[in-house]
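See the structures that follow.
Consider the two complexes below, in which subunit A is the common component and subunit B and subunit C are the respective partners.
On to the complex of A and B.
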């Protein structure tokens, strides 16, 4: 019983992490209609920037520094590459961002080398919490809490601010937003930058759990895509739901049929897309 | 202007002619196709095996029988279909009579099938599944890596007697992982071991929290792990995170130095079989220093790892075989020359032998214990040096014969 409870708690923690990783991907896809396959490499860049900065300035400043550096890279990517393909077939976005991701992966390889790097959790989050036989590393609890703040904060900002209202409107009809006098290119730049910074912060948080490698982003790109497809395009609540479904499935499946852990998210995605083509909580969106 | 143009064209023609005459005058190079992962989970291991092959070639002066030897590298991407396609291209387009590499047993099986079809010689490096020299054995393949039978028998007895007899298996879900668990099961009666459970983990898994929660609750004495690559770096880290070492001992049926090196000292507490350790003796130490000096982009310091050693050994065996056969064009003659070959200058306590009937290369295995206090690359202590001849499968256990000598 303790084992099942442990796996459920673990699944929720994993789900919150997956949802946060997918959040930036979902926002950019929702507002700009761009399949940002550079999301994974921006996640990896965040982790590497944190690795460089953490010994110089400590956990919190290093995390902010990593997010800012990757955010600036995000602005450049949006201005130079992504802006050219707004309104075009989403496939163009996929190709151009994937090309960028492959190039940056090689740059990371050249600068930081091929060897994996590991990072210990910050001092304040080391150790484990025991509840009976249940064991939860403090760092994972901290990450789950932090992810909740990011997800909740983004949801509140989108639903309770005028900027959020414009972003939400942009998800349904970007032309109308533009016709009403809002600066659509600037809106897209801001959302792309926010998405980039969330990817970087996710990378920082994940680096102390899963280790660093230039190709690490690719491993988390597809789960992000699945989270968005399952949860629903343009829905923060959908992204959280999608993340939790993947996290809980991954965790509990390892108890039932461990070798199906990888396949189950795809099966769930296929079922969801068959019955709910927009995802579980998806609504009409910019791609339609 | 016109005369300058004529002079320029004449110079170009001269250069081309000199190049053409040199090609005719020199010996035709011997091409060795290297199918090895440049990217993916085993990218580091691929780099190491290629470093070993290059080192052996350099030691031989880059030539054999007066002919230059050239390595033509293709990325296997650790994918059997891609590896087979690239191996076929290396033979058909690049004209390679010899193939080398793999890092994964599934990839090795795929390349072996191409080698058998094209009748070229293939050296399977760094793939340890038993099937490579039993049901998937071929007269055209030599299996350089120790099989899982050798590894599990080599270290298993010590583990059962000293670490505990209740074993839980955590394995990569493909032929290599299955092979490790299968041999541990076969040896269980001999070692007096009880199986507590097993979890098969898909390749590419990065988070092991769910699996490790089950391992913690299992009541096992020893967690027997058959995993490698970047997945394993993440697993090693999470073994410490979930305090597995305080509940049980951890034994890797095969560990790569490059996987454990990135970890903090306190996260390295496992026992493991390895195919070589860089600080095993003065010869391995000197070789590792040379490798480090010549390969500043190596994925770890003192980069004499399992893959490096196997790459080096494969190239050394091939060159010795070609020299003994007196030809590189007759593949059958080279295979016959290699069957039964003994390599004494292998830097180890026991010599390397190439067994004729199953094409298994028999090389010493080490059982190591990680030193959690070590801060530099000397992070292991060799507990036992195991003679592969004593732990390899016998003919009764593996009744096949792929030898073409008899």
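On to the complex of A and C.
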């Protein structure tokens, strides 16, 4: 009983992390129509920047620093690479971001080596919480809370600010947004940068739960795909739902069929895509 | 008129160049590279039926190729041990076709980016399955010890006979794919690429056509994969990795598959040779490989053939 309960709690925490990583990916896909394969590597860059900065300045400044550095890289990537392929064949965006991701992964290899690095959680979140036989590290609770704040904050910003309204309109019909006099290229740059910074912050949070490897970006890219396909595009609630479904599936299925646990989210994705072509909570968007 | 049209056909020159490959002074020594090139040509031509003719941005073709490889390897090892490879090749092609049909049916009506995302996601399923299901696929160590024996009674264990077997398959596939592309079916596909809405209003069931072409393309990809398994003598799970799908996409784009029929062949020739050269000399060749992807999209997204051949525009 406690085993199932702890798997559920872990699944929810995992799901919130997946949803946070997928948030930036989904926003960029919605507003710019680009499948950003570089999202995973920007997440990994965030984690590595944190590893470099944390001993110099401590947890919070290092997190802000990592987010800012990776945000600047995001602006450069958007301005130099991704901008050229707006409105082109979707494979162009996919190939160019994938090429960038592979190149940066090799650079990480060259600088930091292939060996995995572990990072201890910050001091204020060390230790574990006991509930009966259930053990939950405080750090995981902190990460879950922080992810909830990011997701909730983005949801509020999208629904209650005028900038959020423009972003939502951009997902629905970007040409019309442009025709109404809003600076669409700027909007896309801003959304890309915000998405990148959220990815970097998730990288910082995830770095103390899993270890740091150059390939970690690629490993967390696929869950973002699944979150968007299951939850649907253009809806934050869909992203959270998608993340929770994947987190809980991965966690609970490890009890039932431990070997094929990585495949189960894909099976759910196939079922969802067959019956709900836009994903569970997806809205009509520029990709249709 | 007939002779003129044949001598002007770029195919003739491609066939002539590769017919004599094993006897070239320097390249002749790298005979398995030659066979690999031919198989990759089949693979890119099959992919180009999707991307170039129908504008289906498939990013999971590597998985179809891998299904062919594993289909053939498993058939050869378990169903027809010690016999010729004919049966294994056919089953490899059919495995690719069935995989494409299953995925294609689910995603036949998806557009552009969704199509690409779904092909990526489905190819990841096979990757995971292949790694985990190790009593069948061998998991991390793969399936080894596939010694090719004979094809229709001919001994093909040497590298030159196998090269000519690949050449025969390449020539046959290239001709069949071109016949398909220039048939009324191919014309329908091109109309779907140019204006899917108009094609629908003209009464074509565009979803069904996309499903058909994806399935057909899966057959040729699977066949190329099956031939590859006998070339390498083994089947490993990394064949399902997305870099395989990336290779075929970039080779087609580099050659300009969207603008010309034989572009993918030129593209794969340049791409594979560059890849072999760089990976032989530099440990961090993936850095150059990634930058190569970026540069191709930035400099010539329409491909090399797109630069010289502008009749489509």
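Here are a few things to note about the model shown:
What we mean here is this: the second predicted complex is superposed on the first by the 288 of 288 C-alpha atoms of A that agree within 3 Å, B and C clash if a C-alpha of one lies under 4 Å from a C-alpha of the other, contacts with A are read in each partner's own complex, and residues count from 1 in each chain.
Going forward, a contact is a pair of C-beta atoms (placed from the backbone, for glycine too) under 8 Å apart; a residue touches a chain by one contact, two chains touch by 3 or more.
Predicted, not measured: the structure shown is a model, and the values here were computed from it.
When the two complexes are overlaid on subunit A, subunit B and subunit C occupy overlapping space and clash.
In the superposition on chain A, A:229 contacts subunit C only, with no contact to subunit B.
When both complexes are overlaid on chain A, the residue A:269 reaches subunit C alone and has no touch with subunit B.
Of the two partner chains, subunit B is the only one that A:254 touches; subunit C does not reach it.
In the superposition on chain A, A:101 makes contact with subunit C only, not with subunit B. By the touch criterion defined above, A:175 reaches neither subunit B nor subunit C.
With both structures placed on the common chain, the touch criterion links A:183 to neither subunit B nor subunit C. By the touch criterion defined above, A:88 reaches subunit C but does not reach subunit B. In the superposed model, A:29 makes contact with subunit C only, not with subunit B.
Steric collision with subunit C, judged by C-alpha atoms after aligning on chain A, is confined to one stretch of subunit B among 23-31, 77-85, 95-103 or 311-319, namely 77-85. Overlap of the subunit B and subunit C interfaces on subunit A: residues 259, 262. Contact residues on subunit A toward subunit B in their complex (touch as defined above): 2-3, 6-7, 10-11, 13-14, 113-118, 120, 128, 133, 135, 137, 139-140, 209-211, 213, 215-216, 219-220, 250-252, 254-255, 258-259, 261-262. Interface residues of subunit A facing subunit C in the complex, by the touch rule stated above, are 29, 33, 35, 81, 84-85, 88-92, 94-96, 98-107, 109-110, 222, 225-226, 228-229, 259-260, 262-263, 266-267, 269-270, 273-274, 277, 287-288.
On the subunit B side of its complex with subunit A, the touching residues are 39-40, 43-44, 47, 173, 199-202, 204-207, 209-211, 213-214, 216-217, 230, 233-234, 237-238, 241-243, 258-259, 261-264, 267, 297, 299-300.
Note for the complex: subunit C touches subunit A at residues 51, 55, 57, 59, 106-107, 109-118, 120-122, 124-125, 128-129, 132-133, 242, 246, 249-250, 253, 258, 284, 286-287, 289-294, 296-298, 301.
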